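One chain, subunit A, links the two complexes that follow: it is found with subunit B in the first and with subunit C in the second.
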Partner chain A sequence: MADEMRDMVLEYVIDEYVDEDDDEEVSFDTPLISSGIVDSFSMVSLKVFLEKKCHVSLPDKEATPEAFNTVNKICELVRRFQD
Partner chain B sequence: MSNIGSYEKRRENFNWDIAKEVLGWKEGEILNIGAMCSDRICAQGKGDKKALIWQGFGGKQKTYTFNDLRVLSNGFAKFLQDLGVEPGEKVCLFMDKIPELYVSFLGVLKMGAVAQPLFSAFGDESLEVRLLSADTKVIFTTRKHVKKVRKIQDRLPALEKIVVVEGNPAKLRDEEIYFSMEDFRVEDFTTFESDAGTPSVLHYTSGTTGQPKGAQHGHGSVWGQALTTSWVLDLKEDDIYWCTADPGWVTGTSYGIIGPWSLGVTQCVLDSGFTSAAWYQFIQDNRVTVWYSAPTAIRSLMRDGEALVRQYDLSSLRHLASVGEPLNAEAVIWSEKVYGLAFLDTFWQTETGSMMITNFPGMKIKPGSMGKPFPGIVAGILDLKTNEPVTEPGTVGLIAFRPGWPSMFREYVKQPDIYRSKFVGAADDAMPAELRLDESLWYVSGDRASFDKDGYYWFVGRDDDVINTGGHLVGPFEIESALVEHEAIAEAAAIGKPDEVNMEVVKVFVTLNPGFEPSDDLELNIMNFIRKRLSPLAMPQEIEYSEKLPKTRSGKILRRYLKALEWGEEVGDLSTLEDD
Partner chain C sequence: MAYSEKARSLFAEDIQAIRDKGIYKEKRFICSPQDPEIEVEYPEGAPKMKVLNFCANNYLGLSNHPEIVKAAHEGLDERGFGMSSVRFICGTQDIHRELQDKVSDFLGMEDTLLFPSCMDANSGVFESILGPEDLILADRLIHASLIDGIKLCSAQYDTFKHMNMKHLRKKLELHQDKRHVLVVTDGVFSMDGDLAPLDEMCDLCDEFGAMILVDDSHASGFIGRTGRGTHEHFNCIDQVDLITTTFGKGLGGASGGCVSGKKELIELCRQNARPYLFSNSMAPPIVNASIKVMDLVTKDTELRDKLEWNAAYFRKGVEDAGLCVRPGNTPIVPVMLYNAKLANDMSRDMYAEGIYVIGFFFPVVPSGAARIRVQLSAAHTKEQIDKAVTAFKKVGEKYGILGLDKKGIIEKYGM
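Let's turn to the complex of A and B:
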């Protein structure tokens, strides 16, 4: 279940935020915000994706650049609020 | 003692030449913003003084002196000359808040070209519209953002050179040029001899209808920017100043470059996104004394609470100011309570180039008020029906200003009719050169307010449908035009929806083409479609599906009707509404 979520989030990040001609590899621990792959303004759409697909409500206060910085951290956050 | 001293005395004895005294500028000196922010400060013996303390992601830091600014901006200026760029041509700066952005801005101006900074989060369509409108000849960008330029370059006939200033040069295409700022220090460069009217900075701003308009400023804007920086931001020789705005927007150039550096003041830049903890850490580490920020950020700081504030030493702060959208009274009161200093609201816009109505150091603050007109600014409230100045306190009308202040925009690029439409009382054939000096006219800002019996102004709202999200103006027309390019969407209307932190966020109403049904996937798809084409700011945060949209009998979508319903306001005259 946890692996499914990680795969789904990673796939979404690659599809929506990484350019087709980009040869940088994105993995579960690749920095997203601090590397500029996802800019801080675009976190809103990533948050909406998580809320809709994972059926969870993430408080704005928790949706920080640190919490969204890698796929693994994102999944940790989502699991915390799913529980 | 504040720089302004007594507001009332300053109003009585005002003329704009005081700005020259404040800068120590003598007749015969070159009036060129690029040189005034670098060479001139060095000539005053401050070459070794820190000009820029920069911090990026991961705590990466760089520091530049005014002498660094001088030789590095010379490098940009010479590089552009060698490329064949002529004075007056547009050079776009499309990058994050990296040092190259700030230095190239000065270099472009030094060689007489026009600096066109654009917000780096813009998508390819937003970028295209603005580059096409300006006939931009050269764009400076980074490896990260050059991909957006590549997508549109074939549709930009005027764009001759794409210059990448950061990233791996091996990954560039043949026609792209790599420029390393640090490797191009030039000791001597002959600055272009501009005058007050020579075009300097071009910022784009959104309106209700049509595509964004290019508000062109001139080098003479520095008088207004320097004097307001001195009197409102109260910057002094030893201050460490932090303006949180991005130079892709006007605050980031007027007060994030020109104001502080023309006065030889050290400034800090943090280019790593927003978190309250990171911001407090930055203030503590750099001993920031004057902080100019925005209500959206301030409300986010409020949300994170007082306990967090207590974990940091913010005792260096001595003056706070805010811009971008109205600063609510709660934020003013909260900041006074937790920082011991109230954020002072300032009101101005892209077109005005510098602050117009503000709260001043030492003045009695009425939380929630915009403050009073800057000395030398003649402000008024015009009746909503007659356009005559109102005299009764508390009457809501249009905020307007008598033309003639030095930072006033000089034209909308290629759009003299729209420029003219901003002036009440303008002759049908009047051109920008006459309009901007005619003190018998009123320049209308597009915002509504009232004043009270003490002369304080109180913001009410926009007079049009432009959406103010986090202090950034987004045009509904741009969003609607992009939405109907989505395969699922037949018709669209975009409005601002109230938001606790951002003041407004984008909400859209759409009708779908046959074969498409509302779903979570479609909603995300539409959001990302707009985010990538326009910008994350323009991305709808709510999508409402309708069978049909309210229209006038002539077929125009009634945006104001949808907005009134959303805001719980009176819907007004519906006599033109199409029957069911």
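Let's turn to the complex of A and C:
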């Protein structure tokens, strides 16, 4: 189940934030925010995606750039609010 | 005393943290009018030095143009120094109306509303016309002032990949349930100098019933055959709903901005926009000078033609010299260096050569995309451009980057 979520989030991140002609490799621990792949302005679509697909509500104060910095961290955050 | 020693030391730590990150902005003093050649005191306290300015937004060379200065003097003499009022109380003179009408005619829009700056226009336009049932769909690299305005507005927002029409279409399909969708883009993106494909964007907006807003601050006055802007360049003037732009760049260089577009949307800005309602009017000397600017850019295309020639000449010069230049056809020419320290070091050496240019790096541009951004002006002479190219060649040679492409520079210096 956990792996499924990781795969789903990674797929979304690549599809939503990486250009087709970009050779950037993104994995579960790739920094997303601090590397500039995802910026704080466009993070909103990721939050909406997670809330919809994972049936959670992520408070704005928890959806920080730090918490969204890697796919693994994102999944940790989502699981915390699913529990 | 409320401002305690403890508070002082905490704030000092914040400033030190900015220095430690290497993003501290040094003070630079210009001791002359804004011209292609300026006198600069840098670092603070250093002897003044004459340098050629290649980093101003003085695209049409109007910042110290004699006719514009004369018009500002006349505005001062005939309408006074300031308005001491916001627009809707007692801060609107006949010349404010005249400038609005001239801007509407020039841009091909129905109506225009002046703001103290384009930053204010961008802060106020979204909240004035949209609500929670609406959606703003923005290019990811739009200007910071548009992002601030979008965040101040109660509408939902989403983003699409920079200039990626496939992704924009996908997002327009996704958000068909919203009442109004407003697509937002810069006309010319200030860091890369690339032009948003407005014709394709407008067609997509028409297909999905969305509106479009273009911030044309780095285009008004010189992009397009007669300088109307990006919408003229792409032949889609009638398809654009809203344009925000500034009088602080090509159109004079002092200050002031505006929203121009469909009359109902402008009327809503007039009724609701907080920067319009709660900030002073543009000062009469600037309004009068801006009227003269509109007359100059409407009369003929001499200045924008000269700028176009200058930009092409400089671009060819640095490309032939072997520097890595981002392709484009605007007066913004990014000399790509990829490495932040290299960009900083080279801009410092360029200054020593008498050329004032600035290195840009993350977070102003994406990580690994550091560059020196060069901005051309219609006021630059051919000799001044030759001098800048020669300096780039000399400094580029010092760092061993001439003839290297992206891969070569990154291999040598890292990202």
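The criterion applied here is as follows: the second predicted complex is superposed on the first by the 83 of 83 C-alpha atoms of A that agree within 3 Å, B and C clash if a C-alpha of one lies under 4 Å from a C-alpha of the other, contacts with A are read in each partner's own complex, and residues count from 1 in each chain.
Assume a contact is a pair of C-beta atoms (placed from the backbone, for glycine too) under 8 Å apart; a residue touches a chain by one contact, two chains touch by 3 or more.
Keep in mind that this is a model prediction, so the values were computed, not measured.
In the superposed model, more residues of subunit A are touched by B than by the other of subunit B and subunit C.
When the two complexes are overlaid on their common chain A, residue A:E76 makes contact with neither subunit B nor subunit C. When the shared chain is aligned, no partner comes close enough to touch A:D7: not subunit B, not subunit C. When both complexes are overlaid on chain A, the residue A:K61 reaches subunit B alone and has no touch with subunit C. In the superposition on chain A, A:G36 contacts both subunit B and subunit C.
Legend: residue contacts after superposition of the two complexes on their common chain; A:F49 is shown touching subunit B, with no touch to subunit C. Residues 19, 35-36, 39, 41-42, 44-45, 48 of subunit A are contacted both by subunit B in one complex and by subunit C in the other.
Across the complex, subunit A is touched by residues 57-58, 96, 120-121, 144, 147, 272-275, 303-304, 501, 520, 523-524, 527-528, 531, 535-537, 539, 541 of subunit B.
Of all residues in subunit A, only 16, 19, 21-22, 33-36, 39-42, 44-45, 48-49, 52-53, 60-61, 64-66 touch subunit B in the complex they form.
Taken in their complex, subunit A has these residues touching subunit C: 17, 19, 35-36, 39, 41-42, 44-45, 48. The residues of subunit C lying in touch with subunit A in their complex are 138, 140, 147, 157-159, 161, 164, 362-363, 366-368.
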